[in-house]
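Pasting the structures in now, so scroll down.
In the two complexes below, subunit A is the common chain; its partner is subunit B in one and subunit C in the other.
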Partner chain A sequence: MVYLRLFWIFLRVSVISEFQYRVNFFVQLFQSALALGTGLVAMSLVFSYTQNLAGWTQPELLAVMGVHIIVGGLIKTIIQPNMNRLIEDIQEGTLDFALTKPADAQAIISVREFRIWQLIDLVLGSVVLGYAISQLSTSLGWLSALSFAAAVLLGGLMIYSVWLMLSVGAFWIIRADNFLEIFDSLYQAGRWPVSIYPGWLKHTLTFVLPIAFAVTLPAETLARQLNGQNLLFALGLTVFLLIVSRLFWRFGLRHYTGASA
Partner chain B sequence: MGQTIKVDTLIKTFQVPEREAGLKAAVGSLFKRKYREVEAVKKISFGIEAGEIVGFLGPNGAGKTTTLKMLAGLLFPTSGQIDVLGYEPQRREKELLRQITIVMGQRNQLMWDIPALDSFELQRAIYQIPEGEFRRMRDELIDLLNMGDLVKKPVRNLSLGERMKAEFISALLHRPKVLFLDEPTIGLDVTAQRLIREFVAAYNQRYQASVMLTSHYMADVQALCKRVIVIHHGQLLYDGGLAGLVEKFAAYKTIGVTLNDPELDLSEYGEIISNSKGQVNLRVPKSATAQITTRLLNEVAISDLTIEDPAIDSIIEQVFQQEAQVV
Partner chain C sequence: MKQHLDLYLTLLKTSIISQFQYRVAHLFWLLAMMVEPVVYLVVWGTIATSQGGNVAGYTAGTFAAYYITWTLVRQMNIALTPYAFENRIRKGRLSNELMRPIHPIHFDMSYFMSLKVVTIVLWLPIAGLLWWVFQPAFTFTAWWQIPAFMLALLGGFVTRFLCLWALGLVTFWVTKVSAVFELYFTIELLLSGRLVPLAIMPAWVRDISQWLPFQWTFGFPIDVAVGTLTGPQVAWGLAMQAVWMLIAGGILALVWPHAVRRYSAVGA
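Here is the complex of A and B:
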């Protein structure tokens, strides 16, 4: 419960600090609207030629896009700022402050930053998703709403784990920010269902950077039949990635403090 | 209460990649890296009592920060023992971390955009300080440092000195028993430096905390530390009173002479450091001080004569210039 409280106070403090930069709200709004606009244009172009893309109908694709925006918003609100701060702290030596606190260091470094204006994407994405669902013939029950939320949560945790492992690389290679950009560009590929991509890219997006689980799977639980097996698999993978990233974080820390030698 | 910090034959070696200059070497190092072992700290031992303030001196790269980091549990010792309040710091146990603090003059931990008062709440949550105790300590520290309403301004709007004071409050809210202060007054103006100094002394008095202080400002050390530990090239050069340091390492004394005849040349008696209108300062070897003074008094017409130890800064500088030799 201590960590929940910590999470809450960090959130509160970030909100206070973000409200000092209200202009960012409008900048973000403009940016998000622009991204949404281009996404919609691209999609309408595709559907002016065909009625389905690798088995996906237009409303289904729209649902994927909505989820992509929502999950992207979550990443930019919590995961990305915290991981960037971690890399910065490693570079500048300020990580020492986090390491001398009587609390779990991984917990501290994971919840210090919140970019609340990025939550605009959460709203926009929900609107897109809501519209997509209204165009679908299937009706939604509580069960699919719940499993959707679960799928998004699991996807977020998976992306957090992978991102943490990449950031921990900064313990060895100080300039780790560069390969985080690769992640960003690959995330853009998640705008479309992962199944439309050629095999190697599909596998990368599924297992190396679990975007298939973070975006396509939640969209699938809503737009198509709920697949309990997939969700269970996602749960297993999430637990696995959380454990592996925890171990890797501690390994990196041991390297940082010179304990491995 | 006995010793709060015990360090026994502490050694830290780093593996540093060895690379020659030039493009070819840079490309080569991508594939095959050579490592070299660097001994940053070589068999250092000392102990610090509860309530003691100890100055930790040494030039850049002497091993000061490495030692402090090992004491704070941020670096693993290669060998040797460290005991801080009965714990091994490298295990980073919460019970120990709750009782120590680290303040670095060149690095800040307060959040830039919000008032320090809000950042204090974060510390309270992390250290799990009970509400009442937290308030009492916070207000006491704000009072001691004369911060008043400044804690309600965003940290970015504070001056460097005010920011450092806020850093101190934040670092001491949990009432630590051991303080590691790494260059806490760096870059501050004289008034702010003095305020911080007085504050550290007051905190130390009130809570009988042990303080390890590194500083390049000898004024800090002179004002706060009865005892200093000097390290150079990772070795312990001196551990003892500040006065003893002067005694041990001052190889020279300064003889100040006021001449009746300002034109007189005194260079045969010693090295002339300054000469203005018959006020001459001579640098002479310590062992020859008595003899030269006698000669001056006998051979030259003098209206006044003083003998002084050199300023502590220049002694320290001298010590650092010579090669390390085990004491």
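Here is the complex of A and C:
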């Protein structure tokens, strides 16, 4: 309960401070619109030459793109800003301020920052996804909506865990931001269903950086048939990654020497 | 002239040495930049295979050749982004550079050239790996293909460098410029041959991009290497690069004196 209140307070402070820079809303809207436009151009080029891409029809691919934008928006709203701040704090020794607070340090470093203007992507992605669903022939019940939400949540938690582990690398390696560069570009690969990629890339996107679970699986639960087995597997992997990243975080923390050292 | 040559040699040497210290960082960065072309390559290779072997004349092998060359051209194309000007002007860093008796553009130019040396060394093994995985199909039609590619590569870099430097000068008059730059880079992505080879684009897009600098800095050098161009086409492309260098260089020479007069270092 304390943590829920903590989350709420941090969120409120972020919202208040972000509202000082309302112009950024338009800057972000412009950027998101450009990115969406580019994605749509790429997709229309693909479908000017073919009817389906490795078994995926246009509405199905559009659904993947919608989910990709939604999850990307969530990452940029919550995960990325907090992890960047963590790395910065480790580099500069200012992590002390988070560690000395009387609450779980991992909880605090995970919810300190919110970039609310990035939520525009959530809206745009939902529009794309909604349009894609209206083009699909399958009808959707509340069960598939529910499992979609579960899949997105699980995917988000997996990405959070992996990102946390990469950021914890900053306890040993000073330029840990370079890992994140790779994450960013690999995330772009998730715009297309991971099943189209050759084996090595598919496995990287599934098990090393779980983009397959965060993007392709939720889209699949909506656009194709609901696969309970996959969802269960995702749940197992999420729990595993949460535990491992927690252990790794505590292990890394022991190597932290603080600002005055 | 001799003075400039000396300057370039010295700056290149020192900055290559310092850049090699960050080789691991460079390698990670290079690896991250490989994802984008691999994604395009997989998508278009899949389409070519499913469409009975080729799309607009491109087979899976030609696409592989295109996007593997892409990785080199992309690296060689890296120039000072106009965003850097925002930083220089807002924080007053430009003051130091203006004190020197040599135009600041030369320092930027030699710095980015030194980066190329470091990235080529790191790029070679990655390119070998991509070659092995994707089996590219290059067409060698003439002996001049390789020297022409080198020339087009250099010309593409210089052209893009000058265009971006000229664009960066907007920052002297407008403070919030990121939207302008975003738009520029999106147009570049679509019209340069970075997203797809221009042959894939509809005819009207190709017509427009003929008259813009983008394709001459990116798609053109790639096409030279892949071997899809005839001799006269190559000559035309090199000429277009020269034209755009003159245009961008001319704008720079005209605007720079006015830009410097606008500049007043904050807090300095």
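Throughout what follows, the second predicted complex is superposed on the first by the 256 of 261 C-alpha atoms of A that agree within 3 Å, B and C clash if a C-alpha of one lies under 4 Å from a C-alpha of the other, contacts with A are read in each partner's own complex, and residues count from 1 in each chain.
Following the convention adopted for this analysis, contacts are C-beta pairs under 8 Å (C-beta built on N, C-alpha and C of every residue); 3 or more make two chains touch, one makes a residue touch a chain.
A quick note: this is a predicted structure, and the numbers were derived from the prediction, not measured.
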Partner chain in contact with A:G37 - subunit B first, subunit C second, else both or neither: second
Which of subunit B and subunit C A:A189 touches, first, second, both or neither: second
First, second, both or neither for A:V2, with subunit B first and subunit C second: first
Subunit B versus subunit C as contact partner of A:L153, first or second or both or neither: neither
Partner touching more residues of subunit A, whether subunit B or subunit C: C
Touched partner set for A:F10, first subunit B, second subunit C, both or neither: first
Residues of subunit A defined as touching subunit B within the complex: 2, 5-6, 9-10, 13, 16-17, 20-21, 92-94, 96-97, 99-103, 108, 257-259, 261
Sites on subunit B touched by subunit A in the complex: 12, 14-15, 69, 72-76, 78, 90, 92, 94-95, 97-98, 100-102, 104, 107-109, 111-114, 118-119, 121-122, 125-128, 154
Subunit A residues touching subunit C - in the complex, by the definition given at the top: 23, 27, 30-31, 34, 37-38, 41-42, 45-46, 48-50, 52-54, 175, 178-179, 181-182, 184-186, 188-189, 191-192, 196-198, 200-201
Subunit C - residues contacting subunit A, complex: 22, 24-25, 28-29, 31-36, 38-39, 42-43, 46-47, 50-51, 55-56, 133, 176, 178-179, 182-183, 186, 189-190, 195-196, 200-202
